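The following pair of complexes shares a single chain, subunit A, combined with subunit B in the former and subunit C in the latter.
Presenting the complex of A and B:
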C-alpha cells in the first residue's frame, strides 16, 4: 500500500503561558498525496501557519506538540531528535516563505546560496552544483540564469526573488513543499506568474505541496483540494471546486460569500448624469529627490517622478476607486489629496477652492476632508482612550463645550459605526483589527466631512471582517452622502465599491472611467494585463 | 463547539471591577519582578537607602553640621563603640572631628541623591526635547543636534562635567560660588548626560512620526508642538525611563567623583564623594571606617539602581518575555 506523502493525524499544539494554556491546533488531520497541491485556507489565527510550522517542527517557544502524529511517507517524524529533524528540512521538506526579501541572505550572491544549499543535501562537486543551480533557476523562470548567479538578492525584484526561493526549495528534490503565503507579498501580475511556476514545477516532479494562504483566489487557481481551518480546527476538506461552489459548513459558506469577486457587477445605483464634481484633481505631480551618488548629482540631483500629471474628478456622493500595483504612486496621490504632502505641481480643488498644500487650508476646509488608513494598528495612538481618539478632529465650532457633551457626541459616532458606546473608555489594544478600523472610521466621521480618502482601508483585515467594513462604508455613504476616494490594490474590492475607477501605472493614470465599463471592456493594455492576472474565485477550474 | 478553548490554568480572573492594586500585582511586569530575587533585594536595598537619606534629619542620631554637638574627644572612635567621654554610641564610628559616620552618610547621601536625581531630570528634559526636535524636524535641525551628540558621546562624561564646572567657576562671582555650587554641579552633570537620551528619543520619534496616527492628527489640523506633546512623547517615554534609571546611578557616581576631586559640593555640605575624599586620608593610618562606610553606601546605591534599571529594560521589552 502506498502512503500519502504527508499525513497529519490528530495534531494538537498548545501554547502554555503563566495564566492559561492556549490551544492553537486542536485535532488537525489531513493527507497530501504525491503530486497533489492542497490549499490550507483560513483567517488570521486559524492555525494554518501553525500547522506548517508543526510539520517542519519549528514551532516558536513555548508552543509544543501535545499529541498527534505527522507522518512523512508513512514514517512518523514527530519526536525525532533535533539533528534528524534538521536533516529533513530542505532535504525532504522544502519551504517557501512569504517574504522573499528576508528569506534570502542579503550578503551572499544568489549563486553562493544556491550552491551551498545544493551541496548540503546532494553529493555534488562545486561545478556540478553550479550547473544544477543554473538548471533550477532557468526552470523557475529566471532568464540568463548563468549570468545572474553572481547577483545579490537586492538586485532582484520581489517576483524574481520568490523564483529563487522556489528554486532553493526544490533544489534537493524534496517530497513535500510547505509554501506559507508564497505570493501574499507580491503584486497581482507577479502573483499569477509565481503561481504558474510553482504549479508547473510540482506537476513535473510529482512533489506534494501544502499551500498555506488566506487568499481563496490563490487556492482556486492552484490547488486540487482545500482544507478550510478556523480557530485551530479543520472545518471542511474537499475538492476546490466543490468547496467554492457548494460549501457544506456554515462557516465556509460565510467565508465564500464574504469574498468579493471581480466578476460581480456592482449592485449600485447608477450615478445620475450631470452631478457637479465635489473634488477635482488637476495635473497632480510629485517628484522625490533621490540621494546623490556623485558630486555632479549633488548639483543636479536625480529626480523620481512618483506621480505624473494625474487628473480626475469625483462627483458628489460617489466613490472613485484608484487601483495600481505597489510603487504606482496611488498612496502618494492620496497623501497629496489629503494635504499631508505638498504636490510638486498641479492642484486639488474642492468645489473650486484649492485644498492641496496644507498651509493654505482653512479650518473649515480641513474639516471637510478626512482619511482612513491601511493599518488600524498604527493609525490609533496606543496610549489614548477611544474617546480621545474619536474626538481628536473635533475642535473649533464643532466641539461642543463640556466633557458630558463630548462623550455624548463620541457615543453617537460609535453607534454610527455599529459599536457600543462603552468602547470609548477602552484603549486600542483591547479591540480586534476590524473594530479598530471602525474606530478609525468614527474618528474620520467626527468632523462631519464630505469627502473621505480611504487608503487600502481593508487590506490588513480578514475577508469576513473586510466584508463588514465595506458594508459599513457603503451604508454610511448612503446615510451621510459621503464622497469616497478608495485606494486599493484589490480589484475585486474596488469593483464592489466604486462608481468610477482610475488605473495607475508608474505614476501615470493610464485609464479612467465608469467601473463596469473599465472592468468589462478595458482599453489600456496594462489594465487588460492586470485584469487577466487576477487570481479570483470566479476562475475556479 | 468551535473555537480555541482556553484551558483552565492556575488563575483565571476577569479584568473588570478590580482595584488598581490588584491590576498592578497581576501584571506581567509585577510577575517578572516577583520572580527575580536579585531585583527584589535590589529594590529593598534601594528603598531603605533612599528613605533613610530622605528622612536623614529625623533618623540620624547626631547632627553632623552642628558644631556645638561635636565631641572632639570622640574623634577616631571605631565602629560599635560607646564613648567613655560623652556616653554617645557610634554605630559606624567617627571621623577626625568626632562626627558620627552614620549621620554624615545619611546627610551626605541626601546631597548625592538630590544632585543625581536633579541632574538626571535635567538631562532627560534636555535630551528628550532635543531628540523630539531632531527626530520630527529631520533635515538641518537633525544634522546639527546629532553631530553635537556624536561629539559629546566621544568624550567621557566626567570630562564634560569638569569643563562645564571650570567655566562656571570663572563666570560666577566668588561671593556666589558657595551657594551656587550645587546648582552648577547639577547643570554640569545633566549636560554631560543628555546626549544618550537625545539619540534614543530621536530614533523612536522618527519611527512614531511616520505612523498613521500622526498623519490622522495632522489631517485633524494639529500643529507640530501639539502632536509632539500629546502623541509622540507618550510613545517614546518607555526607553527613556529605562535609560533614566541607569543614568541616575551614573549621575550619583559622577557627583561623587567630582566631589572626590574637590570640584563638587562645598565641604560645608558634604556628599558621599566628599566623605570618601576625607576618608581616604586616613585609610593607611588604620581608621578604615571613615572611608569604608561612605564608599559601601555609594556602591550599594549605584549597584541597586543599576540592577533595577537593567531588569526594567528587559521587563518592558515584549520581545524578551
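Presenting the complex of A and C:
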C-alpha cells in the first residue's frame, strides 16, 4: 500500500505560559498525497501557519508538540533527534515563507545562498552546484540567471525574490513543500505569476504542496483539496469546488460569504446625476528627487515622477475607489489630497476652494477632511487611552469642551462605530485589529468631517472582520452623507464599495469611470490585465 | 565608492576646520599667551615686542589663517611649561598611548565578540547568566575604581605585576616600545585590562542584543528551513548581519579609548599623551591643550572614515547603482 507523502494525525501543539497553557493546535489530522496541492485556509490565529511550522519542526519557543504524529511517506518524523530533523529540512521538506523581502539574507548574494543550500544537500562540487543553481533559477522564471547569481537580494523586486525563494525550496527536490502565504505580500499581477511558477514546478516533479493562505482566491486557483481551520481545529475538508459552492459547516459558510468578489455587481443606489463635486483633483503631479549616487548626479539629481497629471472629481456623498499595484502612486496621491504632502504641480479643490499647496488648508478645511490609515496597530498611540485618542480632534481652538461633555461626545462616537462606550477607558492593545480600525474611524468622525480618505483601510484585517468594517463604512456614509476616497490594491473591495473608480499605473491615471462599467468593460489594457490576473473565488469551475 | 569616500573626506575636512577654530580660540583667548610665556615680571616693552613678533596684533582672521598654516606644517607652538616644541613632545608620548589603546581594543573586541556570541546563542546556560551578571560590574564601575582595585589585588597583595609606569622600553628611533621586554609587557597588563573592561562589556552587550535580534529574523528561520547546519547559520549568516551595527559602535569606542585613556594613564602613571594633557591642564599649558584637542579630533575623524568604508564593504545595500538592475 502506498503511503500519502504527508500524514498528520491528531496533532496537538501547546504554548505554555506562566499562567495558563494556550492550545494552538487541537487534534489536527489530514493527508497530502504525492503531487497533490492542499490548501489550508483560515483567519489569523486559526493555526494554519502553526501546522506548517510543526511539520517542518520550526515552532517558535516555548511552543511544543504535545501529542499526535506527523508521518512523511509513512515514517514518523515527530520526536526525532534534532540532527535528524535538521537533515529533513530542505532535503525532504521545503519551506516557502511569506515575505520574500525578509527571507533572504541581505548580506549574501543570491548565488552564495543557492550554492550553500545545494551543496548542503547534494554531493556536488562548487561549479556543479553553480550550474544547478542557474538551472533552478531559470526554471523559476529568472532570466539571465547566470548574471544574476552575483546580485544581492535588494537588487531584486519582491516577485523576483519570491522566485529565488521557490528555487531555494526545491533545490534538493523535496517530497513536500510547505508554502506559507507565498503570495500574500505581492501585487495581484505578480501573485498570479508566482502561483503559476510554483504550480508548474511541483507538477513537473510530483511534489506534494501544502498551501497555507488566508486568501480563498489563491486556493480556488491552485489547490485540489482544501482544509478549513478555525481556532486550532479543522472545521472542514473537501474538494475546493465543493467547499466554495456547498460549504457544510456554518463557519465555512460565513467565511465564504464574507469574501468580496470582483464578479459581484454593487448593490448601491445609483448616483443621482448632476450632484456637485465635493472634491476636485486637477492635474496633480509629484516629483521625488532620488539620492545622488555619482558625482554627476550630484548636480543633476534624477527625478522620479511618482504622480503624473492625475485628474478626477468626487461627487458629494459618493465613494471614489483608487486602485493600483504597489508603487503606482496611489498612496502619494492620497497624501497630497489629505494635505500631508505638497504637490509639485496641480491642485486639489474642495467646493471650489483650493486646499493643496504651500499654505495648505485652513483650520476649518482641515476639520472637514480626515484620514483612516492602513495599519490599525501603528496608527493609534499605544500609550493613550481610547478617550484621548478619539477626543484629540475635539480639542481644536474653538471647540473647548468640559471633561464631562467630552466623554459624552466620545461615547456618542463610539456608539456610532458600534462599540461600547466603556471602551474609552482602555488602551489600544486591548482591542483586536477590527476594533482598532473602528476606533480609528471614530477618531476620524470626531471632527465631523465631510470627506474621509481611507488608505487601504481593511488590508490588514481578516476577511470576516473586513466585511464588518466595510459594512460599517457604508452605513456611516448613508447616515452622515460622507464622501470617501478609498485607496486599495484589492479590486474586490473597491468594486463592493465604490461608485466610481480610477486605475493608477506608474503614477498615471490610466482609466476612470463608473465602477460597474470599468469592471465589466475595461478599456485600458492595463486594467484588463489587472482584472485577468485576479485570483478570485468566482473563477472556480 | 569613490564618490562616497570623497563625500566623507569632505565632511571630515569641515569637522577638522571647525575643531581648528575652537582650538585656535582656546589657544588665543584662554588666558594671555604673552603673560604665560614671559611670566609676570616681564616689562611692558618686552611683552609688546613679543606680541608683535607673535603677530597677536594682526586681525583675528589673519591670525587664524596663520594658525591653520602652522598646524599644517606641524608647528603647534612651544609648550609654556617645558619650553619645547609641542609636536615632538606629543610624538614622544604617542607610542605609549597607542600601544596601550591597541592592546585594550584587541582585548575588548575579542572578548566582547566571543562572550557576546556565546551569551546570545546560549542565553539560558549558567555560563551566560554569570557573564551577564558580571558584565553589570564592568558597565557600572568607574574606570579609576577598577584600576585601583586591580592595583590593590595584583600589585600590592600578590606582587605579580607592577603598579605604575611602562617598565623598560626599547627605543627603535622613531618609536619606543614596551612590547619587547618582559617588564614592559608586565606593565602593560593592568592598564590595558582597566581600559578594556568597560569597552568589553559594552561590546559584549551590544553583540548579544544585536545577535538575538538577528536570530529572530525571517532569513534565519528560512536558513533553518533550507536545512543549513547550525554552525553555518550562526557563524556565517547571523554573525555577519550582527557585525553591521557593531562596527559603528566599536569604531567610536576605539576613538574614545585613545582619547580618554587619560584616567587610566593617570591612575597608572602611564607616560602617554593623556597624562601629558592632564599635566598641561594643571599648568595651563595652552599650546599642548589645543594641540591635544586637534589630535583627538583627528583620531575620531580618521576612525569614522574607516568605519564608513568598512560599513560600505560589509553591507552591499549601500553600493552605488544597485537600484538600476532591480527587476
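Everything below uses one rule, namely that the second predicted complex is superposed on the first by the 530 of 541 C-alpha atoms of A that agree within 3 Å, B and C clash if a C-alpha of one lies under 4 Å from a C-alpha of the other, contacts with A are read in each partner's own complex, and residues count from 1 in each chain.
Here is the rule we use: contacts are C-beta pairs under 8 Å (C-beta built on N, C-alpha and C of every residue); 3 or more make two chains touch, one makes a residue touch a chain.
Please read all numbers here as calculations on a predicted model, not as lab measurements.
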{"item": "Overlay on subunit A: subunit C relative to subunit B, clash or fit", "value": "fit"}
{"item": "Partner chain in contact with A:121 - subunit B first, subunit C second, else both or neither", "value": "second"}
{"item": "First, second, both or neither for A:137, with subunit B first and subunit C second", "value": "neither"}
{"item": "Which superposed partner A:374 touches (first subunit B, second subunit C, both, neither)", "value": "first"}
{"item": "Which of subunit B and subunit C A:339 touches, first, second, both or neither", "value": "first"}
{"item": "Which of subunit B and subunit C A:465 touches, first, second, both or neither", "value": "neither"}
{"item": "Arrangement angle, subunit B at one end, subunit C at the other, subunit A at the vertex (C-alpha, nearest 10°)", "value": "30"}
{"item": "Touching partner for A:86 - first (subunit B), second (subunit C), both, neither", "value": "second"}
{"item": "Lowest C-alpha to C-alpha distance for subunit C against subunit B (Å)", "value": "5"}
{"item": "Intersection of subunit A interface sets (partners subunit B, subunit C)", "value": "none"}
{"item": "Residue numbers on subunit A that touch subunit C, as the complex places them", "value": "56, 58, 86-91, 94-95, 97, 99, 102-109, 116-117, 120-121, 151-152, 154-157, 160, 165, 168-169, 171-172, 293-295, 298"}
{"item": "Of subunit C, residues touching subunit A in the complex", "value": "3, 6, 217-219, 221-230, 232, 236-237, 240-241, 244, 314-317, 320-323, 325-327"}
{"item": "Contact set on subunit B toward subunit A in their complex", "value": "2-12, 31, 211-213, 215-222, 231, 234-235"}
{"item": "Subunit B-touching residues of subunit A, taken from the complex the two chains share", "value": "14, 16-24, 26, 45, 230-233, 235, 251, 335, 338-340, 358, 363, 366, 369-371, 373-375, 378-383, 389, 392-393, 395, 440, 443, 447"}
